[in-house]
Amino acid sequence: MSVIQVLAEGTLDFHPVDPDGFREYVRDHKRRALEPRLMGIREAVERFVQDGDYLAYDCNFFMRGPSALLREVIRQRKKDLWVCGKFTYVDSALLTAGGCAAKIDVGFQMAGPWLRRALDDGLKIYEYSNVVMTTRLQAGSMGVPFLPIRSFGGTDGFKYSGAKLIEDPYTGQPLVIVPALNPDVSLIHVQQADQYGNCRVFGTGISHVECALASKRVIISAEEIVDTEEIRRDPGRTTIPYYVVDAVVHAPFGCYPGEVQGYYASDSEGVLEVFASIGRDQLDAYLQKYVYDHEDEQQMLDRVVGQEKLNALKARATIKDGYHP
Amino acid sequence: MTSQPSSEPASQFTEREAQIVNVAHMVENGKTYWVAGGGSPLYAIILAKRSAAPQAQYITEDGCIAPEPDLPLDPIMTMVAAKAGYRALQWGNMNASGMHAQVGLMDYGILNTLQVDRWGNVNSTATGDYEGEGRRFNGPGGADSIAALCWRTILMTDQQKRKFVDHVDFVSSPGFLDGSEGARERAGLPRNTGPYKVVTPWAVFGYDSNRHLRLEEVAPWVTKEQVLAEMSFEPTLAPEIGVMEIPTEDELNTLRTELDVRGQTSDVGAWIIRNDDRSWTIAAP
Amino acid sequence: MSVIQVLAEGTLDFHPVDPDGFREYVRDHKRRALEPRLMGIREAVERFVQDGDYLAYDCNFFMRGPSALLREVIRQRKKDLWVCGKFTYVDSALLTAGGCAAKIDVGFQMAGPWLRRALDDGLKIYEYSNVVMTTRLQAGSMGVPFLPIRSFGGTDGFKYSGAKLIEDPYTGQPLVIVPALNPDVSLIHVQQADQYGNCRVFGTGISHVECALASKRVIISAEEIVDTEEIRRDPGRTTIPYYVVDAVVHAPFGCYPGEVQGYYASDSEGVLEVFASIGRDQLDAYLQKYVYDHEDEQQMLDRVVGQEKLNALKARATIKDGYHP
Amino acid sequence: MTSQPSSEPASQFTEREAQIVNVAHMVENGKTYWVAGGGSPLYAIILAKRSAAPQAQYITEDGCIAPEPDLPLDPIMTMVAAKAGYRALQWGNMNASGMHAQVGLMDYGILNTLQVDRWGNVNSTATGDYEGEGRRFNGPGGADSIAALCWRTILMTDQQKRKFVDHVDFVSSPGFLDGSEGARERAGLPRNTGPYKVVTPWAVFGYDSNRHLRLEEVAPWVTKEQVLAEMSFEPTLAPEIGVMEIPTEDELNTLRTELDVRGQTSDVGAWIIRNDDRSWTIAAP
């Protein structure tokens, strides 16, 4: 029989690829029954985020991402996480400042003094790109061990990754393949979910469907909990099916200081405060103010942001077309 | 007294405005552009759409196809945001934009970049020794995919010695790699793609037939020698070095009153002033 | 460097895999400008379906498929087509009876006397499955030469296919990969499209997005032509973007005798008539009655079906939830 | 006079009804089923949902997740149809259902099939010499994926010698392949998946520890010998051969008045009549 040449290989470790093992986890742990998965944010993070997990999240701290869930992860001082840093911006900086991150697969993140210091303290960085990371998640969501991709070849990121350059058996041309990623847990913020975890996301996104399907455990935070009757009225709007979801958290303003399209605008002041904290190397103070000083998210919103500002952010979300079913 | 918009060359503008306008003039009507969702690349394409290239279409990394954004955008909120995605033809996701680019639907990519080398390779990851004490940056984000998958890539950067280096310390996004013929294809990248232009406030570069960076145009307020002094390597020189274009009052008006009303992107760097005697003054910030 | 063992390979030919060639076709032929692509059904099929093409279509003759376009292909006596028979049911029988098909990649099709006779007359069949075929289209739509898949292994279909069994370089386990499919032309029927080709499909489907992205030429037939303003009002409903579309045909009842969810029910009589024609080996008479006897689709609908029945089929589509934006 | 529904065993039903009810009784609460969108497999799962397994959920090949179909369906219109997809939790597509199955979300598949062999392999492609003059059928459709990817596969077929063959002429959908240990894994299929039961109107089969078809239950109106006479090979015999279950009046009522009101699926094959003396009459059609 013929062989396929492996022309080059990245040299760093990557989250282990085990499609059959993932299948067995899904068989044994994903609940197929329509049973309520609603719980508080603390319980959700306590139960479903574990020290040492590979943690993914969709979108980021400013853009329909799970900011409240990320703060709760930091509040609970989770440790040794391997973070999926696709399209992540400041999130990986916050997780590192909070002592949660041990490794980061980078697509894009906000660098700063924190990064050099963390590297010197042992943080491990693996260089990918946003699309490579979403492709790895796509492979994980398809239950296959890898996917071919037409980018990433020739970069130095390739060298510090789990990718391979092979001779395509169909064309004979060099072809990059990237390993599947099946995170231990993913955090996804959505506009609407029902109590079972059927979710609706409106507007553009990154890869929330793939993220949810590829992950062993999935925590959803939702701006609104809608009735399942409403889900059944328009099944074409469902983007994540309940049977991959482990927890549904009702989290209004769950992306603060970021924006959730159709629901509220970003708090520009709050957004720039994060960047300033990174630039001025004051992330500890930032976390104190927004995370550690409060028992939970509601307390933080009440004390630090205030209802008046929240109302104003809501009022600024004047574009509604396409965001409500 | 406000200046009256006109199609005459303007006499006062920032270097950044000049750079954006020169990229806008490169935009081809009826072509697709994969751009970052904000900043100079976005303003260049929108500026072009408002004038010579109304049928140029742009797509952002979050799968937003041909939006009509509600400008100005909120700070930082360039993607997955209501104003940025306003009146799009389709809302997709990152895998969708990646797929569209992978099948060849994206003609051009426009990228802001930190560091570029003689073969058009881009570094946004690290300077110095990667495995040692070097400085770290944000990572490629979507730039790697844009540089790999679009048919042609236009880079925007500043004319500084540390930005034009002989070899980038880290290839975050691929140019012509080691510059040899077929290097991209041997690395698994799609055939016949690659770097197209590099535009700074002072100069426009293309690539020669050996895939080496080539100086093609210089801004009227600097000399070729000034440009070359701000590079760590010697580019090839085009047989004739052209003169970069000057923003018109119309273009500046659109840029300042519609696109970048807070001036966050455009009001950066030196101001260029054309004196009555047709000489130039560079007012450093 | 290491190698990947190829453990087994299908032995039959398959539509050539050439991602770079497809990219170049897309670069040179897909129109990026928002220019009207509306045209009559005859012109669309004349211009964009060519003898010898690899022809794909989404869904089938009964289920939101491009029945009118398929009849027009037969009416224009296109020849030597290689047909993508995923989820096809009777369509491949009709195309074969019409003398259009030379080869069929089978997922599922309605067998009958036509099939044995056609095989004896030189029709070539390649054995896949529905999901294998949609996966091949997915690979084509991603611009990669192949995709891994966890089914198809061990079947006799594998032997009569372009699939390969390789040693997965990540797990060492045997893994099936299937070649990308980039059809020359695809026919897709949708509920709504604008004049540029931005399409909306409501309800479940097969793989219309992948089919459209993977094909060199794409003909859309639509129940309704909607304004582009309506598309921009709810961009989350767009499923096919205009820039992969070559022709938009306004084709009310374009799936007759089948159903288009939300628009009209299937004509049970008309549906069973096709099966009866296959079973009784009377496809020639069927094509005479529904295709050759009429200059175009409108004439067929007027003469054979009649407005009264069409109105009744419309009235029977009582389920609207989720089918109109 | 109409018969009153009850949970008592019925005294008149068709063979097909008995087969459907026996499959329905296998349906596990809280598990997922990838089924064809119509016919016996669909009726079995819905029947189960109406009684012991309300939390069993089914998915069809067109990515329709847990619908509450508007029955009866129009003839043939079992997928991509408004009645079939009514009140689903999600409308996806074939790649979605395939992906969900590939990551292990589908516990069971239920399939109608033409021909099955001693290792549970299924033929829906061709009988006789494939490359010669043999007879051709419809192809696997979605059955190949169901049989490959669901954790366990339940087949429904008729008890006929030509349906139970030693080796299928063509493996359209995989059972245990050549029956050897690990044969599926060596062919690239997911670990620990495969055939689970075969249910005919006369018998229920499982598989022994050597992956060979094993007779487990026989309908009360036939003997083990009658079943074996309608097979081209000898199955293993379970240590104790059980008795298949009898539909209740309730179940028949649901089947006849709600699910298959036209009797297209259920009113096929022989009628089974339980006589007052508890003997059985088989009224062939």
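Quick notes on this structure:
By letter and in written order, the chains are A, B, C and D; residue numbering begins at 1 in each of them.
In the analysis below, a contact is a pair of C-beta atoms (placed from the backbone, for glycine too) under 8 Å apart; a residue touches a chain by one contact, two chains touch by 3 or more.
Predicted, not measured: the structure shown is a model, and the values here were computed from it.
The chains in contact with chain C as well as with chain D are A. Between the Cα centres of chain A and chain D there is a gap of 40 Å. Centre-to-centre separation between chain A and chain C, using Cα means, comes to 36 Å. If each chain is reduced to the centroid of its CA atoms, chain B and chain D end up 61 Å from each other. For chain C, residues touching at least two other chains, in rising order: 19-20, 142-144, 149-150, 173, 175, 203, 232-233, 235-236, 321-322.
Counting partners per residue, chain B has 85, 87-88, 91, 102, 190 as the residues that reach two or more other chains. Viewed as a network of touching protein chains, the structure does not reduce to a path, ring, star or complete graph. This structure has the following touching chain pairs: A-B, A-C, A-D, B-C, C-D.
The part of chain D that touches chain C in the complex is made up of residues 60-64, 70, 74-77, 79-83, 85-88, 91-95, 98, 102, 125, 130, 135-145, 148-149, 170-174, 177, 183-190.
Taken in their complex, chain B has these residues touching chain C: 29-32, 55, 57, 65-68, 85, 87-91, 99-100, 102-105, 107, 151, 190-192. Residues 19-20, 22-27, 30-35, 141-144, 198, 213-214, 228, 231-233, 235-236, 238, 241-244 of chain C touch chain B in their complex.
Residues of chain C that touch chain D in their complex: 59, 62-64, 85-87, 106-111, 115-116, 119, 125, 127, 129-132, 134-135, 138, 149-157, 160, 165, 173-176, 203-210, 259, 261-262, 265-266, 268, 271-272, 275, 317, 319, 321-323.
Those residues of chain A whose C-beta lies close enough to touch chain C in the complex are 1-9, 17-20, 142-150, 164, 166, 168-171, 173, 175, 177, 179-180, 202-203, 233-237, 321-322.
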